[in-house]
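A short worksheet on the structure shown next.
Labels run A, B, C and D following the written order; every chain starts at residue 1.
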């Protein structure tokens, strides 16, 4: 509302636009500067512009090509527009301009030129489609089943006998062949630095593949609106050195460790005596629930609740205490637990490494 | 009797009016109100996203807000505002006294209004739909969305869809059949041309959506299995039906804006449109191709390389006719005498910003590239550039252009320009950063985002831009108020424009044309200026074109009678719709009212009473 | 105000044809759904368990003949033969009613054989597709009945030939749709 | 095109002839359906006959043949887009081959 006194004045018709336009252009230039400096530096764990696999690299290179064509077209159009504004602005005493109906050659020209640019875009596009949209040709690929559920991810390694949630480990340099399914509604699997999106459709198995080319923790999340906690349906893909991956796979294929210290043992008792077991499985115990994430090796994970919290004792206690506050709408009921029970559960779950 | 009706301004006269100009005003007012409401919803969304991990809105409310924002903008702000311009401008541009079916026109308005009111009844009841404007199955089935929220969505779009189809029918027949003598197709103003194309699009695009909505309603209500994977169905079918409609819908929203700009740029360049036939046929081509590209909303579904390649290619083709339009607009300005009135600023603003939106569109016409862009803020940026930079700027352009004709008052240029620059800046500040946030990993429809993803700055700038948007409405409203209090008289043709609507007084008399004009060329009002060498074949150099309509009709004019029955019919349909929430009795009663209204309508004489 | 039109086609007739064009999309979408889901039904009963082709051939024939009645009614009203107009209009509506009766019998039979609307994918697609068509027939019967009443009242003569023609266009279109449905649903099982 | 030429109106005979052809085609369709030997070509035969019936009704009963190109264009446009959508959707859902 502070613009009111300024606007209250009756402007002569041309008064406002020159200074305001200059200011607008200045603001835009400034903004662009900020954005570009922002876009090029810094840490972007979920960026499509920083590919770390062959598959994401193909998409990024294609995007780059199209982007520069687009910039070229924009420069031409904007240049013409600016020229027209400056050159053909009406001045006092101007006569009516010469009337022109059209120009065949020009029309043909600006039909053909975009068509040629589109051909230049279409050729690499089609080449990329027939690489990306097919199943991987690599027979050595590591098959990982991904099952999207409201609002978390289940990962299964049929060859290795591993079931885990929200965090998938994969070895560096080996193609990963994902088989995507949904347990309920539409989801979309998206780890921008490793691959483009692929939807998880009820009743259909989709495929997606990539071969990671650097070690690290890659962020991803569900990209198809899937209900209340859609925003908090995150995941991590951890690319390990092959040796580390072997170690992880061996450990995770094994049944759960029996807790050593007393507090953790007490926590196991709490876990088994409460509703936890009806939804969660801890292989090697009588907890065999299938509805929630498999917790057999929960202690080895980086995050809780599909990437919402760090997997620290304090955060885990917070999660057990008020799941609905941490991740509103999620399907884990809030179980009445005493502080001591929470402590014991934290110890138990932390021991499941 | 009817003669007094035509001139009275009481509430009854508005409820029974069949005058296309009054219906246009009602469409405009209601559509504008919905635009403001949906704008507030968008502003709330931006407030929530101003910083990471805010808890200003809880997730359910956020999901409801973005659903209502999208649904309202497309169906209850965008379309009615487009139809408001059809209503006001088309009969005037083709030299007609009204549309082909005046009562059907009133009916279209009432069902649209009731559809919108019905949707917003979910707000006080706190059961707003929360499945997105696209309402993907199976999230929106009875299992995953048990409350009545989605039913509000389905039913309100079903009822307002009836109004849209009726409107499409009306304008198709009006433009084909009601043209003044001599107004051949290739002499029609561009806005009328685009209205014709859009009417055809509405007729062909809405039925698939209607069918999809009925399937959804039946799945939710009667236990059918249209989208039930467990029964052997494929929930992706909903996406197909939705986008078979949804993509033409985009053109339903953008082509009228193209039409407006194609009329405004020549006027303020003092130069006839460059390549008229090319601009017309590129519009036809865009509409035609629009039916063959729906899968580009679904590249990540996994339909296979062949399907994606075919639809990606078809999508790229659309860039050609779109580019042709832009180049022809620039060529029209080239060599002209450009007067930068507010309407012209919005027109040129459209050319600039739509180009950006079009180019980002080309980026996701490439299916592999789109796999990184779809469902992210990159797409949000794209379609806001297209829908604000295109549709909304086009509609504002038309608003500033035809306001003097509609009201007889001039708007203030300074305030108008303030409005333009604020909204132009706001558009770019709000949506340009979203290209970055999208590519850096921000998915759409998320009520929050984590810290440490590098998205904070972009989101903060976007939110700031949204505030500028809100601010941009201040000079607009001020301008309206000022015009109402002390706007200068507009006269017949304040812009020295070339088409028929500028031959009559402002505002036009209720019969529009005292004498139906005879037309023998394009841009009839400019023919004295058009040099002989640039005249087209068939233009008679000395042809007589009425420069100005006479004050009074030389002969009595028979106008359509006002009628209550369109309103009654619409009320009947509203009752059926409300009954659709679970009361069979109410549905049947609504059916009865509808039937009564229909019969009374059929047997009421449409013309005769209103001799002027 | 209903003067000569730019195309020479009366407004209402042009509107009816445009509406029919729009209806093509409505039925097209319904047909597409039926065709896509053909053979995907997982739960019995299946189409070939229930569809009775001889029976539906008879009702198809009745609907086809009603189209003949309809053009005869139009021809009659155009030459101002009111007796024939009443006869043929009445026959058209009657044949439409017989078709609807057949459809009622068929639906009822299916439900009794264990195929209510919500039974499976086949019941969903079949009932909604043929039911939408049936609703169109029912609307047409009501429309023709009002014309018949007007004719009996003596308020329908050659000046209203256009009204009859438009109702006829609608009626024939509904017939055309059934020609397609008959082949796609019943003969291509 | 006299409107008052009483009973033996030429168009009446035409309409009856069309109706007879329609009935015959319908009978033929059902016969074809029951002839085992035609099973491999059943679909194209039925589709051709269906299209023929469709065209007969549209051209003669709905008078498209004599009513001029505008109405034909409007109708054909609707039929064309609808057919394209049906065929396109069926192709996407793998209904042809595969």
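Note that in this section a residue touches a chain if its C-beta (ideal position, glycine included) is under 8 Å from a C-beta of that chain, and two chains touch if they have at least 3 such contacts.
Computed from a predicted structure; not experimentally measured.
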| item | value |
| --- | --- |
| Most central chain, Cα average position | B |
| Label of the chain whose CA centroid is most distant from the centroid of chain D | A |
| Chain pair bearing the highest count of C-beta contacts | A-B |
| Geometric centre distance via CA averages, chain D-chain A, whole Å | 52 |
| Inter-centroid spacing, chain D versus chain C (mean Cα positions, whole Å) | 15 |
| For chain B paired with chain C, centre-to-centre distance based on mean C-alpha positions, whole Å | 34 |
| Chain B, residues touching no fewer than two other chains | 176, 203-204, 208, 230, 233-234, 237, 244 |
| Residue numbers of chain D (touch at least two other chains) | 70, 77-78, 81-82, 85, 89, 93 |
| Numbers and ranges of chain A residues touching at least 2 other chains | none |
| Pairwise touch network: line, ring, star, complete, or other | other |
| Contacting chain pairs - touch in the sense defined above | A-B, B-C, B-D, C-D |
| Residue numbers on chain B that touch chain C, as the complex places them | 97-98, 100-101, 165, 168-170, 172-173, 176-179, 183, 203-208, 210-212, 214-215, 218, 222-226, 228, 230-234, 237, 241, 244, 558-560, 599, 602, 607 |
| Chain A contact footprint on chain B (complex, rising order) | 58-60, 63, 131-132, 136, 138-139, 144, 229-230, 233-236, 269-272, 274-278, 300-302, 304-305, 308-309, 312-313, 316-317, 319-320, 323-324, 326-328, 330-331, 333-340, 345, 348, 351-352, 355-356, 359-360, 362-363, 366-376, 412-415, 417-418, 421, 424-425, 428-429, 432-433, 436, 439-450, 452-454, 457-458, 461, 471, 474-475, 478, 529-531, 534, 536 |
| For the chain B and chain D complex, residues of the former touching the latter | 176, 200, 203-204, 208, 234, 237, 240, 244, 291-292, 295, 303, 307 |
| Sites on chain C touched by chain D in the complex | 7-9, 13-14, 17-18, 20-25, 27-29, 31-32, 35-36, 38, 53-54, 57, 60-61, 64-65, 67-68, 70-72, 75, 78-81, 158, 168-169, 172-173, 175-176, 179-180, 182-184, 187-188 |
| Of chain D, residues touching chain C in the complex | 3-6, 9, 11-12, 15-16, 18-19, 22-23, 26, 29-30, 33, 42-43, 46-47, 49-50, 53-54, 57-58, 60-62, 67-68, 70-71, 74-75, 77-79, 81-83, 85-86, 89-90, 93, 95 |
